[in-house]
Each structure stands twice: as structure tokens, then as C-alpha cells.
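Take this structure first; my questions come after.
Going in written order, the chains are labelled A, B, C, D and E, and every chain counts its residues from 1.
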Amino acid sequence: MLRTEVVRNILSWYEGETPGLKANLSRLLMHGRLGGTGRVVILPVDQGFEHGPARSFAPNPAAYDPHYLYELAIEAGVSGYAAPLGLLEQGADTFAGEVPLILKMNSGNGLVSGNDQALTGKVEDAMRLGCVGVGFTIYPGSDISYEMIEELRDLSLQAKSRGLMTVVWSYPRGGKVTKEGETALDIIAYGAHMAALMGATIIKVKLPTDHIDLEAAKATYENNHIPRATAADRVRHVMQASFAGKRLVVFSGGAAKNTEELLEEVRAIRDGGGNGSIIGRNSFQRPRAEAVKLLGQVMDLYA
Amino acid sequence: MLRTEVVRNILSWYEGETPGLKANLSRLLMHGRLGGTGRVVILPVDQGFEHGPARSFAPNPAAYDPHYLYELAIEAGVSGYAAPLGLLEQGADTFAGEVPLILKMNSGNGLVSGNDQALTGKVEDAMRLGCVGVGFTIYPGSDISYEMIEELRDLSLQAKSRGLMTVVWSYPRGGKVTKEGETALDIIAYGAHMAALMGATIIKVKLPTDHIDLEAAKATYENNHIPRATAADRVRHVMQASFAGKRLVVFSGGAAKNTEELLEEVRAIRDGGGNGSIIGRNSFQRPRAEAVKLLGQVMDLYA
Amino acid sequence: MLRTEVVRNILSWYEGETPGLKANLSRLLMHGRLGGTGRVVILPVDQGFEHGPARSFAPNPAAYDPHYLYELAIEAGVSGYAAPLGLLEQGADTFAGEVPLILKMNSGNGLVSGNDQALTGKVEDAMRLGCVGVGFTIYPGSDISYEMIEELRDLSLQAKSRGLMTVVWSYPRGGKVTKEGETALDIIAYGAHMAALMGATIIKVKLPTDHIDLEAAKATYENNHIPRATAADRVRHVMQASFAGKRLVVFSGGAAKNTEELLEEVRAIRDGGGNGSIIGRNSFQRPRAEAVKLLGQVMDLYA
Amino acid sequence: MLRTEVVRNILSWYEGETPGLKANLSRLLMHGRLGGTGRVVILPVDQGFEHGPARSFAPNPAAYDPHYLYELAIEAGVSGYAAPLGLLEQGADTFAGEVPLILKMNSGNGLVSGNDQALTGKVEDAMRLGCVGVGFTIYPGSDISYEMIEELRDLSLQAKSRGLMTVVWSYPRGGKVTKEGETALDIIAYGAHMAALMGATIIKVKLPTDHIDLEAAKATYENNHIPRATAADRVRHVMQASFAGKRLVVFSGGAAKNTEELLEEVRAIRDGGGNGSIIGRNSFQRPRAEAVKLLGQVMDLYA
Amino acid sequence: MLRTEVVRNILSWYEGETPGLKANLSRLLMHGRLGGTGRVVILPVDQGFEHGPARSFAPNPAAYDPHYLYELAIEAGVSGYAAPLGLLEQGADTFAGEVPLILKMNSGNGLVSGNDQALTGKVEDAMRLGCVGVGFTIYPGSDISYEMIEELRDLSLQAKSRGLMTVVWSYPRGGKVTKEGETALDIIAYGAHMAALMGATIIKVKLPTDHIDLEAAKATYENNHIPRATAADRVRHVMQASFAGKRLVVFSGGAAKNTEELLEEVRAIRDGGGNGSIIGRNSFQRPRAEAVKLLGQVMDLYA
């Protein structure tokens, strides 16, 4: 399938990036059920590091096997599959070329207190495994947010000069951010904007609530009458904060929820101009047939 | 499109290579009109260095424009496009992701006597431009064949460790090889075998004649009754010499010829078990509609 | 002895690894009394750093001599011998090729408070000494767990590219892990999973108790009815957490205990699908004949 | 002055190059009397290495002083000034920012026989001196043409990744090229094409005669009726050979001649679609007022 | 199987070498039918580079397939398999660990005149593929013998520091060596001695005739009554020249011959104290069953 006008237009936003990065972004945007629509659904499986294996996979034990996760991504026809080193390695050869891969390069560890992450993969690994890009989490607000941002800068330079795109999980937490604020509209928009400022090819944030968390931001949101009543309004604001919608932004829903709630979120993301969803636990924790069906429903809404 | 069984089987030959290399090989094998068949047709445009611009492009002046060559490759639906740095750069951004690219890394220069080539591209360029692989010419037999082989070894190691496949143009000449011998069956088979021994992912050779050139080889061909009466017989022998057919081998026809002659060659390559053709001057020196038609006819034979 | 089907199947899990790594893993799996069974018993002697020489070797003073430890491993016919640099050096020449060696690359130091380790060997040492792999300890949960994980990533990349396999001692401690939790089922499974995500060839963990330590994990274990009543159940869960059993996992019993207790543990490991045991103090702290007899009994159970 | 549409269009040809390179190219194209027209006149002073000081500067002794050359470039309003290290250094501070500079990186040496050149400047020098680009001479055809081409590749990669454009003096000589052939149409077009294939930002060649030098090329020129009767025809063919006119090409006149002859050449370059002239000895060997007047006349023709 | 006294004794000769090298040498000496005897039979397949594919494989076309060669080595139970990069790569994963591998690092090319060879593999490749050692050919006497010897020195240093042993094919030719002299006793002994002086772990030479080639050596052989009447005498002298038999020396028979001739040679090697044979064309050019039978007969003589 050749690139569509929608995809050409998206690539035009990434001016100054290498043709290699654009070719890899194009591979993601042209792959699977949503190929050519400018929307993406990505399967992320990085909960093993964060929550441990049982909390991640016990609800659907087939998912303990890394090949199952590749098969789910391929069968469902999602745009890409993002995971840490070990999960990608166990299947990269068997399924070489069948689904765009994103190497998640850093991961937290649910046994440690605090908001840091360890680097668990390298740009060399991403090339060796045939990935289209690398993923990296930053925690703006946390004590170590500056170190994480500097680490992101180093990795981005390496990755992009070799034609790999970057996906930035931007999750503000700590510092002046309250617990409720982690999903507040102003905070999520702020996190998305910082990822854009860091040169992220794709930005991943949580779907925001209508809460405004920073004291200093409240007047701005009130005085300028920034709409935030509906989820679609809030997505629209996040897109605005992401270079007026000229960066790809995907949203995660977080913990497992029922199908209708999830589809409702997807409609809001679509209506607000978001570029898609990243759906982990809501897919791989369901039985295979249900997961494929759900991902299909999600992609039908985006198509 | 997911990988076919044919393609899975081909990838299985490349054991020990990185998943990245296999993913890039899979991209080539799954692209275009012949995607999934295990056959490939590649558009090479490296004659500018060898023969100069007028001899290359004057028959069809539209081809002076590098974008034309990308468009030809894309419109015709060939498996890949191979060219030196400048030609790939002028279009790599515009057409990012639309056709698998192979950076031809060394090139001769028709103004110099002798059989050397200069390195005109780097592995870094191939990554920056989003190529699936790199191409390299060796002249086994020539005075500098050992230097070329060592240079190939260095580049292969670099390229493969970064997930790029290698295409080796193996053109014996000089030394004990007579002018007629450059297309002799024993010499072509020997050249293909050396490329395989060097670890080439794809081997490119000329379609051989039934001539046997090396004195020392004549008895072997006679005594073992190696069939060589038809072009298909000869292709079959070249495939045998390429690890019993477990390396991809593509054939070039050389100078422009009429359509029927070229299609006849293609039938022989197909019947002898060759993996496809590399068709340069016979395509880009014809008017666009004719070239697209011819490439279509060729691919119909292989499909 | 040629590889068995069991061993071939195990090697197939390690897709994308180099043939060199697989050859070294094969050497371990084909060596000694358990050669070809897919089970391994490894003799580890790294207590000298942790507990000092007297606590390690006074119960059986012959073991102060490094040659004794080589002889014990060879006479008993274990699959491999793992130790820090000095112990391996003293004997590597005398016993070259007689038992697969694993260089333990980091070690704690019982005179310091806290949970760190120092790097006491290098990948170059492992090659120089003819090792089949390198060993590394991580303490997920501890204050320095991220640094250890990043160090492991660097060493793995070096070791694997040179064909050496990695054995990861994954010992969660500190952070949210209580003292009792260090052997809790959820914690051990979590530790094994993290080692798998880091690309470990062989994972070493402690045999878990039926305790669940993390508050956040309790509901998961209850709601999904994860069996944990018997030691075999628990081993089974750890294997599941190790890529559905597609990583080799060996278990340690810890402090010295009586023979029957130890054999009981071995039966549980075997019945739960674990790949074997790593038996240090329980072997080298007994008189030679007893130790050889005990290791023989253990291997008989696994064979 | 903002970039004109003409300049925007030219920059669009250089796809895949960094924004830094485009910004430097834009500086050259927007500077001086021809700013914004898409045409350039460059003052080159590299004859000191080639011919020695007296042959270069005795006709106009004021030009022995490097400041004089800067002043000439600035007063005349040319697009840029290209010279070896020493000449640029003596004035780079005094005239910083007043005229775009091009560091000529290699130079021949009139005391040596043969066709080689030495590297006399480095990319670091070009950055330190605030240059917009670097210049490099290749001699396609000569015994050392492959070495020169590989050296150019290395320097280009360095220069471009740092945002510097490259100007390639492509002067075929030696090998199969006769003395008369050095300015033959087929040879000049070939030289321009090779520079384009090497990724040159700006190509510098000599104005060709209507001679065709390579035996192998004659039929092509005849059979395809490539017009070459007038100098404008020949410039048009060189532009065609330079990626269908999508590379900037500037022409040199060579040895000093009278004003009318030189202006006649300029009209041919203009009418044939060339991008401008590089005028050395014809300017700096005349008295200052005459030189400024002549350069003004040339630029009037191009404007 | 543990090391035998014979093998221990052999390893003791290699004092000063790393334990890693000895472990790899031990792997070779303990492998296959001759494991533990101190004798080795090695299958070398490097004729593809030297003689081309048809002369190498047409007599037994099954051998065109690299897997066949692995299978032959494994089924026959030879001590090791030596081949260039491509042949080892195609099978290194499938047969990982089943036969000790030696990467032949340089190869001649039968299309070129002269006595050079190109480096076609690297020490990194040998590690990645899990080899026990590397092989290298030198041509003492030839114009380039000093370059080859220096190259060997560099590679040996690299290889040995990483625990890889070296096998040196020492083939005097050119210079003062006549054609007949290439197998003369004085020349072969000289070649073996030079390999020993270069630190070769295993020396490979041709079985010598009773000819003495160097004028200067004739008196020595006569005056000292060096026995050379029988092949066993001559082998004994070559062993003497190889550090009084304290280097492993294997002999090749060259072109295909009948079984009885070959076995006769083997008896002479055995009786003269040689360490074994390297048997290429005489094995892989026969049908599989015959080849396995012949290798079995050879090994029976050595056992």
C-alpha cells in the first residue's frame, strides 16, 4: 500500500528529521487495520517491570508467553507493538517484519519507592531487533525529572541519527503535582508540550480529567475560557499543546475497565482530534478472542 | 500484508543473522507486485558513475530527474530501488517509506582505466536515508580483488550489526578471466559462490553463457555432465553454486535489448529457479509508460 | 555426545541470540551427569566475598584450596562451576576444558552495610579463562537497583556479542520488599520476570515460600487462584513468570540444611518444571565424599 | 530580506539535508547584489597554491594583501568568497559576517607533478571561521580519483552533519580524458553528474566546448541529437546532467580574458539555465575599480 | 568425557597460553571419534574460494548445501570443521555446539594470479559463531610472505587474547621454492617450523616427498643422515621441526586419490608421530556413505 495523503501530511510536520525516521514513521502509519488513516493503536506490554508478572498476566495466563503478545498484535492488526528488551527478543526472529516494533528503553520497578527508571535497552538493540523506534518514559515534576530529560536527549540524538523515531511516555508526577493532578488537564497538556519540546516523534499521555492542578494555571484556564467540559474538549486542548496538533499524540486509559467505558474514551479521543490509543492491560488481560474483538472495535471507531 | 510461507522459508536460510536484517529482507520480499512470492525485481540506477549521464539518461531525458526514478520504481511496483548516494538523497524525503531502498556503496568511474571502485556512501548514510540494505560491487579476479573483498568484509560487519542486509554485485574480471569469460558459466557460478562465502544476503550476477573459461574447470564440467545447454540450465547451476539455492540470487541482463529477448531471459531465470531480475537500462531508458509496461510483463512472469 | 531433542528445543527459545551463545549454552546443557536432559546443577562458590573465608570454608577446610572446588565440580559431574575471578583463575589452566565455567562478575562484600555489589570481573576475563558465560547479581527493590540493572544491560551487550551467555542472580531486597518478602512467591516471580526482561539466558532465584509480600499483588493472587500450596506449585508459577517456561531457571536453597530437606526441594523444583539447582554451601561445606554423594543424589532426581 | 520564492524553491531541492545546511545555503543565496535571484557570483582565490604568488598577484599587487580580497568581495557585493585556510583566517575577524565564506579544503601544489591535492583545511576550521560551507576539488579520471572521491565522502559527511554545505570543484583529467577533453561537453557533464551523485550542494565546472571526448559517448550524443552548437546549449546539457537542474551549478572561465569575452560567457550561462559564475583571476588581477565594475556587469546580466 | 592423560600432556606444551585457548583446544581434542587420543581429523572446506564451486562440489552435488557439510562432520564424528565465513554462518545456528568450528579467516581466489589471500572473516565473527579457533594461511617464500606473516601476528594476538586457538596452514611457495619444492621435505619442515615460531596452536602442512629443494640445505640433510626414505621418516622429521613434536601438526593429502593411497598416507602420519589429517576433497567429494566410511577408516587407524 502506498502512502495516503493523510500520512504524507503527517510526515510533512516532521521537517528536519531524517528520511530514515520518516520511513520508519511511515511504516507504523501504514501498517495494520488503521494503515493510512493517520490514526494508530499500539499494543504496549511494559507492565511486567512496573507491576510484576502476576498482576500483568495472571488474568490471561496465555500472555505469559512472549509469542502470544506478538501473535495478538499481528492478529488484531494493531499499528505497532512496544515492549522492553526481553519481550521483544523472544519473538523478534520468529515474527521478523510482521509488526512494527518499538523498544521501550527504560522501565520502572515496582519494588522500589520513588519515581526513577532504569535504562534496560540500547539504541544498538533497537537496530539489531529491527525496530521502527524507541520508547522512553519521563516523569516531569519528579526529583529526577532533569536527569530523565537529559537522558532522553542523549538517546533521541542517537536514535534519530540512525533513522529511529522516538515515542515519549510523558507522565508528570511528584514535585508540585498532586496525586489527583497526575491526570489533571493542565498537567497532561504540560507533559505533552514538554515531550514535544524534547523532539518526540510520538507523544503518549493519559486521558485527562477536567481538574486543573497548578494554582498558577487556574486563572489562565478560567480567563481564556479553555473548554474542558467533555473528554473530547480535553483531548483537543492536549493536541493544541502538542504544537497545534502537529505532533502525533496517543492516549492511554490506564487500568482495566469495561468495554463500553473504553470505547467511550476512544470516541472522545477521536472527536478531540487525538491520533489514537495505546491499549495494554485492556487487551492482553482479556482472553484472546475478546481482546482481538475489542481492538477491532477500537480501530473501527478510529478508521 | 503478513509474510507468506515462501518468505518465511527464505528467511529461515539466513540463520544467525539479526532479526533486524531479517525484518529488512522481509520488507523487500513483501513489497510491490511480487510481494510474498519469493521473487524480486530491483531497479538499479548506478550507470551515471560508470557510463556518465548522457549515455545513461539521454535516451529518456525525463530520467535525468532523480524523482522520476523513484516514481518509476513506485508506479511499476518493483521490490526495491538501488542507487548511489546522490540519487537516493534527492527523493528519500519526498518518497520516504514508499519503496525499499538499497544504497549502492561503491562505484566505478568510466573516466579511469582499470577495475577499481570508490566508496561513495557509508553505513551511516544508509541508516539516515532509511534503507533496507547496502550494495557493494566486487571484481573477483582483478588486481584489487583482495582489497575489495576485505572492504566488503568490513562494511558487511558494520551493516549487518545494524540490521541492514547486503547485496553483492559479483562481477569477475581481470586476472585469469578472459573478456568472453566474464559471462562464462564457470566464472559466473564462481563469482556467485564467492559472494555467498562472503555472507551476502542477496547475490547479483550476470546471466551466463554456455562458455567455460577456466582451463582447470573444463574437465569438471565435462566429466560431471553439468547441464548448460539452455539458459535455465545455467541459472540452475548458478543457484546450486549459491549454497544449493539457499541464497537469493538476482540476474542482470546488461545492455539494452528488445522486449522479447529480455522476457526470454526472465523465463529462463524463473525456470532455472533464480530469484529475480535487476533491470536498469532496459527500464529507465524507455519512455515511462513503456518501462512500466515492461516491468509489469517481467513481474507477471515471476508472479 | 550430540545434542538431544530436549536441548535443541531449549536452544530454540533463545531466538535472535548468536550461534556462539547457543554453542556455549549447549556446552553447559550437554556436560556432566545431566548432559542432554535439559536440567542443570551448578556449583557456585561466591560466598567468600559475601560471608568471608572462615564462614565459607571452615566447615570443610579442604575447600580453602581453589583446586578442590574444581575437583569437586568435575568429580561430581555437575553442569558448571560459577565463581569470582580469583577462584576461577586458580585452576582454569590445570582443569581447562573439564567443566563449563561461569565468571561471577559482581560480588557484595560482607563488611559494608547496604545492598550494593562491586564489579570484580570483566568480559575479557571470561574469554581469557574460557568461560561459557558470565554471572551477575541484581537486587531489584534496593536503592541501587536501577544502577545495577543498567550495569547488567551494558555487560550483557558485551558478553552476548562475544558469544557468552548470561546468568542473572535476581534477588529482590530493600525498597518495598520486607525481609520475609525476599522469599515471597510474588517477589521471587517478579525477580525472575525482571531477569527475563533483561535478556538473561539463565535465571537464578531462591526457592519461594507461599507468602505474598506486596500489598498490591495480594488480590491478584487470590482472585486468580494462583496455586501456591506446595513448593512445586510455586516453582510452576516462577517458571510461568519466566516467559511461560521459555527461560532456564535454576533455584538455590540458601543456607546449609540436611540432606532430606534439600532433596525434598529438588523434587519440588523438578515437579514444578524448574530447570535445576545451584548448590553451594550444601556441597562444598561437606566432606568431599558426602558432597559428591549428595550432588549425585540430586542429579539422580533430575535425570 | 526574507527568502524569495526562487530561493525557497531551490532549497526544496535539497531534501533530506539538515536545516542548518539549508540556512547556510540560504545565507549565500540571499547575500549581495544577486540576493534572492537564485543566481550567484563567487570570488575564488585559490591560485596561490596552484600557480604561486607572483603569477597570481603580481598583475595587481594590492591583492597580495588578504584584506584586499575581502574588501573586493564585499564592495562588489558578490555572493561569497572561497579561499584556502590562510587567506580566510587573515580577515575572518575583521570582516566577520560581511560576506559568506567557503573554506577551500584541498589544494594542488604547482611544484609537484601529477594530479593530486593536499587537504589544507578541516571542517573544524570552517566552523571556527564562520564559513557557510566547504569546497573540495576532485579529479575524476586521474590515478587518484578514487581516493579523492572517498576523501570527499568523508568530509561531506562531517561537514553536512554540522550544517555546512559543500561546493565540489569537479575537474576531470587523466585516465581516458585527453587534454582537449578536459573541457569537452561529455566530460564536463560527466564531472558535474559525479559531483551530484556525491551529494554536492553546489557544483563547479568549467564552461564546456562542443568537443565530445569519450569514444563510447559519441554515438549517444549524435543519436539523441543533444544540442551543443552554442555555449547556452552546452550549459543546458550540463544542468540536465545535474539532476535535471536540481543542483546549483556554477561555471568558471579559467584564465584571464577580455571583458567582452567574459560577459559573453556569462550570457550563455544565464541563457542555458546555469546558476552563476565563479570569477577569480578575471577580477582580482585587475585594478580594484575595474574589478568591481566587471563584477557589477556580470551580476547585472544575472539579476 | 573428561580429559585423558594424553590430552593433559598435549595441553601442557602450550604453556603461557590462556586457559580459554586451552579449553577450546581441549574441546577439539575431546570431540568425536578420536576424542581423548591426541589425534585429530579435521574436515576443511575452503576449496570454494580457491577452485570454485563446480570443481569442489560437482562430484557430489549434495555438498553444495552448507548443511550437508555440517552433517558430514557430525555424522562422521570428526574432531572439527574448518570453513570460511559464509559456509559456517549457514548452519552455525542449526548445529550450534555439535562440532568444534574453525573459522578460516583468509582465502585465495582462483581467478587471480599470484599468491595473495584476502581476509574474509574477523575474530569477532569467530566469537559470534562460537568457534574454538581461527585458521590462517601463510605462503612463506612468496612476494607477500612478510605481509601475510605480519597479518597472522595481528590476528593471533587478537584471537588468543579472547581464548581462540590458531590453526596455521603453512604452504611455502614462490621465491626460492621450486614447484617440485613445494612438497620437498626441507621446505615442508621449514614451513612447519615457521608456523611454530609464529605461535600456531595447530600447524597444517602437506605430506612431504623425499626431495630436498634448497641448495643450501642439501649438505645438512646428507651430512646429518636425516632419514627420509619412508613417509613415516619424513613425518617424523616434520614433527621434530615442530618444537620436537610439542606442537600439534596435521597433514593434508591434497587432490582426491583412491582409498588405499589415502590410508597408506594415514599410516605413515601415525607411524611418524603426526597428530592427524585434514581431509577435504577426499571426503566431501564422495557420496555421503562412502565419505563417512572413509573417515571412519582413517580414524580407526589413528585411534
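Here is the rule we go by: contacts are C-beta pairs under 8 Å (C-beta built on N, C-alpha and C of every residue); 3 or more make two chains touch, one makes a residue touch a chain.
Note that this is a predicted model, so its numbers are computed, not measured.
The chains that touch both chain A and chain E are B, C.
Comparing the chain pairs A-D and C-E, the larger number of C-beta pairs in contact belongs to C-E. The chain with its CA mean position farthest from that of chain A is E. A separation of 49 Å divides the Cα centre of chain A from that of chain D.
Rounded to whole angstrom units, the spacing between the C-alpha centres of chain C and chain E is 39. Here the spacing of chain C and chain D, counted between their Cα centres, is 67 Å. The geometric centre of chain B is 36 Å away from that of chain D, both derived from CA atoms.
Within chain E, the positions touching two or more other chains are listed as 92-93, 124, 128-129. Taken chain by chain, the contacts fit none of the simple shapes, being neither an open path, a ring, a star, nor a full set of pairwise contacts. Chain pairs recorded as touching, per the definition above, are A-B, A-C, A-D, B-C, B-D, B-E, C-E. For chain E in complex with chain C, the residues that touch the partner chain are 2-3, 11, 18-27, 30, 74, 92-93, 96-98, 101, 124, 127-131, 161-163. The touching residues of chain D, when paired with chain B in their complex, are 13, 15-17, 140-143, 145-147, 149-150, 153, 157, 172, 174-177, 186-187, 189-190, 192-194, 196-200, 214, 216-217, 220-221, 224, 226, 237, 240-241, 243-244, 246.
Chain A meets chain D in the complex at residues 15-16, 18-19. Only residues 48-49, 51-55, 57-59, 61, 64-66, 68, 84-87, 89-94, 107, 109-113, 116-122, 124-125, 128-129 of chain B touch chain D when the two sit together in their complex.
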